[in-house]
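A, B, C, D, E and F are the chain letters, set down in written order, and residue numbers restart from 1 in every chain.
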Amino acid sequence: MPFPDLTQPELGAYQSDVTRPADFAAFWEATIAEARAIGGAVSLIPADTTLKAVEAFDVTFPGFGGHPIKGWLVLPADRTGKLPLVVQFLGYGGGRGFPHEQLHWAASGYAYFRMDTRGQGSGWSTGGTADPVGTTPSIPGMMTKGILDKNDYYYRRVFTDAVRAIDAMVAQDFVDAARIAVCGGSQGGGISLAVAGIDPRVKAVMPDVPFLCDYRRAMAKASRDPYGEIVRFLAQHRDKKAQVFETLNYFDGVNFARQSKAAALFSVAVMDEVCPPSTVYGAYNAYAGTDKTMEEYEYNNHEGGQAFQDRAQMVWLGKRFT
Amino acid sequence: MPFPDLTQPELGAYQSDVTRPADFAAFWEATIAEARAIGGAVSLIPADTTLKAVEAFDVTFPGFGGHPIKGWLVLPADRTGKLPLVVQFLGYGGGRGFPHEQLHWAASGYAYFRMDTRGQGSGWSTGGTADPVGTTPSIPGMMTKGILDKNDYYYRRVFTDAVRAIDAMVAQDFVDAARIAVCGGSQGGGISLAVAGIDPRVKAVMPDVPFLCDYRRAMAKASRDPYGEIVRFLAQHRDKKAQVFETLNYFDGVNFARQSKAAALFSVAVMDEVCPPSTVYGAYNAYAGTDKTMEEYEYNNHEGGQAFQDRAQMVWLGKRFT
Amino acid sequence: MPFPDLTQPELGAYQSDVTRPADFAAFWEATIAEARAIGGAVSLIPADTTLKAVEAFDVTFPGFGGHPIKGWLVLPADRTGKLPLVVQFLGYGGGRGFPHEQLHWAASGYAYFRMDTRGQGSGWSTGGTADPVGTTPSIPGMMTKGILDKNDYYYRRVFTDAVRAIDAMVAQDFVDAARIAVCGGSQGGGISLAVAGIDPRVKAVMPDVPFLCDYRRAMAKASRDPYGEIVRFLAQHRDKKAQVFETLNYFDGVNFARQSKAAALFSVAVMDEVCPPSTVYGAYNAYAGTDKTMEEYEYNNHEGGQAFQDRAQMVWLGKRFT
Amino acid sequence: MPFPDLTQPELGAYQSDVTRPADFAAFWEATIAEARAIGGAVSLIPADTTLKAVEAFDVTFPGFGGHPIKGWLVLPADRTGKLPLVVQFLGYGGGRGFPHEQLHWAASGYAYFRMDTRGQGSGWSTGGTADPVGTTPSIPGMMTKGILDKNDYYYRRVFTDAVRAIDAMVAQDFVDAARIAVCGGSQGGGISLAVAGIDPRVKAVMPDVPFLCDYRRAMAKASRDPYGEIVRFLAQHRDKKAQVFETLNYFDGVNFARQSKAAALFSVAVMDEVCPPSTVYGAYNAYAGTDKTMEEYEYNNHEGGQAFQDRAQMVWLGKRFT
Amino acid sequence: MPFPDLTQPELGAYQSDVTRPADFAAFWEATIAEARAIGGAVSLIPADTTLKAVEAFDVTFPGFGGHPIKGWLVLPADRTGKLPLVVQFLGYGGGRGFPHEQLHWAASGYAYFRMDTRGQGSGWSTGGTADPVGTTPSIPGMMTKGILDKNDYYYRRVFTDAVRAIDAMVAQDFVDAARIAVCGGSQGGGISLAVAGIDPRVKAVMPDVPFLCDYRRAMAKASRDPYGEIVRFLAQHRDKKAQVFETLNYFDGVNFARQSKAAALFSVAVMDEVCPPSTVYGAYNAYAGTDKTMEEYEYNNHEGGQAFQDRAQMVWLGKRFT
Amino acid sequence: MPFPDLTQPELGAYQSDVTRPADFAAFWEATIAEARAIGGAVSLIPADTTLKAVEAFDVTFPGFGGHPIKGWLVLPADRTGKLPLVVQFLGYGGGRGFPHEQLHWAASGYAYFRMDTRGQGSGWSTGGTADPVGTTPSIPGMMTKGILDKNDYYYRRVFTDAVRAIDAMVAQDFVDAARIAVCGGSQGGGISLAVAGIDPRVKAVMPDVPFLCDYRRAMAKASRDPYGEIVRFLAQHRDKKAQVFETLNYFDGVNFARQSKAAALFSVAVMDEVCPPSTVYGAYNAYAGTDKTMEEYEYNNHEGGQAFQDRAQMVWLGKRFT
């Protein structure tokens, strides 16, 4: 099974050449400020389940543009005082599913929030969140929606939703605002990196095989989608290359990593055909925070560490938050 | 190469069991009326080409919601009097491309208009038309955008654009409003059928291997996309089956065929894995007009008749319009 | 996406023609008795996890031949009195993984035991249980190991392990022997059916898209493995057909269903290419118990109902056990 | 693994509806007579090998048009009197290879001749025989070369070569002209059937999973090439269907079978995706000779019986020729 | 989507190491002279179409060996004086199709001739030209026909046909012999390069993603056919490597480029898996003419620039010929 | 067709970095001694065939653990004195098949023995030998059976069987113990290398495209199984990497080559996706014997030289043994 990209020791030494726009931080500050200005109410409704050891809530909060975003909040039934918070973002195409899925964070004593990804939620689990914003001509999938302008790009809305999810959670009295962690695999890892780069309230970030990093290299190394969506878009829109890469620089995990200070537990799979390992190291090696660790899975493809990594996360975060 | 569906003589006898909603005609009348009420201006700008034997224009007209829709208009350079009109709709994923493509209609003496499909135009040719309407959770592609409500469904906007394209063309003084034909392959064939069913100004319709017919059967017979998008959507949204099929009944080519009177030249490919032949016959056998002909290509897959069918169309339409 | 097998209403009417050997029940009684006679000790060691809302144990119990079989037992931390028991068997190739996976049964108040499958545990999750018995010439995979003799066949050992797992659990004082349920997907569903057919202590069985039913038909309808392992074996051992099917009759879910009385919640996927739906109905329609329900997922392949079905199971079992 | 075609008992009852042209026998008589009239010399040159138990010769004989055709002749080293003859024809794309391959006929006491197939010999073994006749537009492969006219069709030349191979062999003094058998797998089986239908000197024919039978049905049932070459040809030459099938009737194994009297041992594979089993039964059920046997391999694809069938052939032919 | 070959800046610097035989030019001079000596008549018959803005003729002219070769000639209906000529050669497997296809050259004021490729014309469009020359053992397809001797190689006939097509056209009074251009994509690009290298009458050459260049490297970099035909031939004819490459040197676009003076507009696709980009640069970087331009499509596979490149050609040629 | 690995001249220079454990030789001496100590009887039963020029025997001999191992022995019918011996080992998944297969060694005057591979014999030919030893959790196939401990690893049993096959043959009076050769393709080549490394009685070894060499590199270069079995095992057992490679060092063809003195005729295929050419050169370049030759097939995949290599072997061995 040929390795699709660099291997060690080249991976450890790899430095991405992604450009960071001068107004990168300003762009994101303005974006978040705009969303907060629109505001909106957060609702928590007890979910109808058979669960007893944990308590689940159907949450709706205002995201980008004030649009309603859904998520599940799960808390240990037996709790006292303020809880550390784990916010999880989802892989590409999925939705928040059901509250009985993935109970290990709540069962370990965390307030656990799983955020829906707008307009997705139909590929491998169901979501309930619309993306009420239209699009210019694009390739099936989300990767090229609005890609010709940084203000229209789909992930501008998603990353904003993610920061606003934290806003919604820290407003709850059972959450300890000093112990906020974000995590996620693949797209969820990319969103985590973005949030950790934008929002200093985040104290720990755990991106697994993160997507949305070092796009141009990723497009040249990934043999499976979704980076290929951008390749196919440019295969038709042969005259839009510069414009596309100008937009993507504002959404690159490498750039978020360069300004992030949270403790970080990354994972990478050396046989990953979806999120090539060099692009993960591109973010990791650029990561500004000093408490950073990489779990490397040599013979794994995009599934990465799975339950091995979940266990590693629980131990790692436990040392920092409890 | 196994035939993926019925063959003759079963095809000739096949009757679709698609339900026609009681308010089907009313729904479409209201939809078109609403779009016309919004109105908007049509612009024709001479296109920059090297072409001499034909003249090309970059057209923008108001479609559903008054949204700007693009198209190319190509006229014979040497013309006198009013010209018969051929409006072509495009296959799934494509865009209007360049004016120098597909000159045979203009070169044969027709005013030829090729309409962009909103939000597509990135899959196999480029388009320039946005779809400024957002969406509920959906599968990559257009097939499930807004599918939970007939008023939100993507093709409501597209079919309306198509009728409004005719509105835009008949307003031009070089067009003979008594000789209007529509055509297209695959999705373009499905749009043609819809327009012919909605708009009595259409005197001839030429759907090739049409898509968007007899959805439920198509989903069970097609082994290649895009009908599979709906299958995958329902594979996740297991609780939305009834709702989805209720919507689709308003967009089914079989139902448009049942109320269409234009002369019709269909084509079908008996090995078609994308638009199964029985679903094409489902529309053809239900077609209300009496001047109808089917060209059948026994050993073809979704490519259908290609240049053979183009030639057949030019001869067939020539007998009716010149 | 063509349906790979029968659809409704043929599915509902399908009757498998699998033969039930005259000594079927006797064979299994003798087999279980033999294993029990060998005996062996059960050990429960607290697992090292971060979990607080539930308590997990690393279990080893004696299976077929007294061989040590592993499993995870997970209990609600907050418990009183005897608990209803859910034993889950695993899909083909997988292992018990980690105790923090799949917490929804324990979180809902059940004693939950997940049994390793001997010799597997390397395909999609890890196991820790050897199969210390050798094999005659066979195809890669477990399906043809010892298939030329019912006493040597691999699943004789696995089904016996499964019954012995219940023996191990009912010996624990926190288990209510009157409320025992078994479940599992695919291979796990096939094992569940076998156990429910062999062991009258089982009061509820929940097989999802069960494997190991109606082999000969399954071999002719499944386009993806593992039934194909037997096809490939017979493609070489062209002279062993009768012998193979004679063995398989002793391991067919249809025959177990014919003698099973537990309440049953089946699920089936109509597009299932691995466990063809008619073979699932072959077992369901033959099922002897009168409290039986089928959840049908029309547009799903072998993934079946997933979280939808987990939710349905929790509700269904809750009505019977709590 | 779904069966690609009919299964028993339908196979046993299947009757092909292939038309036999009125001048079928006359066409072939004239064709062979014409080739014999052209004549040409046969050469046998001892081959350079390390073999001792058998003796091998590099043979060149005049085929259709007097063109030089190659083959290997292998005789037992220890021989007395005239030997029974086995002529083998090759599967599609192959060539005669080396004399040390397939020694079981010579080692069993037969004069064994393996004939090259003109113009092939590059796909899975090497040949040394040109096809010095050009072609009309055709699809890659041999199936559509000259297919628009029975006199130009490629297999007219090949079948003639095969009859002329027997002419060349019976002229040798070590061959017993009263004991001539022909055999071959796939294309070689189709050639065998043709020769047995044309040439009454053939006393035994052993076609394995024969190709070149019941073309129209084969084209509709085979999911793998080479029948698909004709499908693809007609997918382009949409106007040549009648012409193609008119030619093929002169080359159909069903028609050869209808006039064949030799003892016959067929084999068929019920999962054959290349030579669908019904097309083999189409020839077998039409076979005129009364000493006929079918070996059926239920779970095999186009590989058929392989060494099992070789063994069956040696036993079956031994009973008739020794 | 990994790049299958070199990328920039390596592409720009790449120098092919193809050997140019000493008698390369002499071989081609003799070949063309021989064909001209055989001679033959050219016929132009008005084609039966509905086209009015252009006029089309069904042309037959004598090619290699005097064999009749077909083509379509399309002229602007409204014309005066002598016209510049564009001769187009076709991609692998295709045929000249119908005269109503690809009208943009005639509509832009050129005499446009589309030449059939002998023996092909069945793969993606239909042709009407036979190749009346037989072949030694070869792999399906044209690439290995006669490959063991430069005089027998298939492309010797095709390249000669192409030069003779120009002979046929310059003999017509409406053609301006001082303004002759050749073009084509893939195989058509390879033929264009050959003609431009052989025939100094050609003043402009526009090869798109050209095939038939730098064979040995191409065979090692292309992951899709047709270069693979030669690989598969050598996989069987393991002893013919030297002989094959000796032949190919006489047919290599790199060698034609080395002696070509016409103005040249190349295109290349950096993701091309059929005609690897380095092999296109192998010809381009060796191209002797000084007016040369490369259009590079970074994210395209073998489809290359399509309508973008057609537009670029019309503008580029217009600047040189009008 | 891209080369999957190194090409020349890098191949010729490649040096594997496989570690040879200090107790490598001792481990194998002890293993063989242990098997010989268990002992067991050899039986030769005349096989029931139609063969006359050769004589065949059904052999059973005691292998590892004294387990009964099957093989076919074929001798020239016409023989005098002691014969040189060729022992052939089989490719992965196959079995000894029938005695009438592969007669060229016996027909060339050798005693030829084809050994069954325990537990296999179901993949592409049939075997009759069980592997009566069970296994820890493993991936379908043989590659990971017992891989966590060198004493449990499957190939410890197979390599021992192979040495014991020679023990069984040299005990026969028709075998010349001074002229013993071993051969085999792929897995058979790997076994040959092992035997030649362990057993000094072997005077000639002919490994074709050998498997089981330079595992770690092979796992990184092979794109097709069976090396992938180990990759997939480690993809699950993420914590077992060191343990696995420690075991494999005892079974690596590179290490056997380092201590082998027999004359050697290797073959390698430069496009081999199963046994990457560098891993074959890894063994060849390390081979200790001085009479060594490599046959290289540049354009072949794992099929390698086939009949070309058989011919080369017969000539090469003839020069050494006759």
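The rule is simple: contacts are C-beta pairs under 8 Å (C-beta built on N, C-alpha and C of every residue); 3 or more make two chains touch, one makes a residue touch a chain.
Small disclaimer: the values here were computed from a predicted structure and weren't measured.
Between chain A and chain E, the least number of touch steps comes to 1. Taking the definition of touch as given, a chain qualifies here only if it contacts chain A and chain F alike; those chains are C, E.
Counting the residue numbers that touch the partner chain, chain B and chain C have less than half of them in common. Of all chains, the one whose Cα centroid sits at the greatest distance from that of chain A is D.
Chain D and chain F have CA centres that are 37 Å apart.
Chain B and chain F have CA centres that are 63 Å apart.
Averaging C-alpha coordinates per chain places the centre of chain A 39 Å away from that of chain B. Residue positions of chain F with contacts to 2 or more other chains are 125, 232, 308.
Pairwise, the chains that touch each other are A-B, A-C, A-E, A-F, B-C, B-D, B-E, C-D, C-F, D-E, D-F, E-F.
Interface residues of chain B facing chain D in the complex, by the touch rule stated above, are 1-3, 7, 271, 297-301, 303, 305, 308.
Across the complex, chain A is touched by residues 93, 95, 119-142, 144, 232-233, 236-237 of chain B. Contact residues of chain E toward chain B in the complex are 49-54, 76-78, 97-98, 100-101, 103-104, 106-109, 125, 306-308, 310-311, 314-315, 318. Against chain E, the residues of chain A that register as touching in their complex are 4, 219-223, 227-228, 231-232, 234-235, 238-239, 241.
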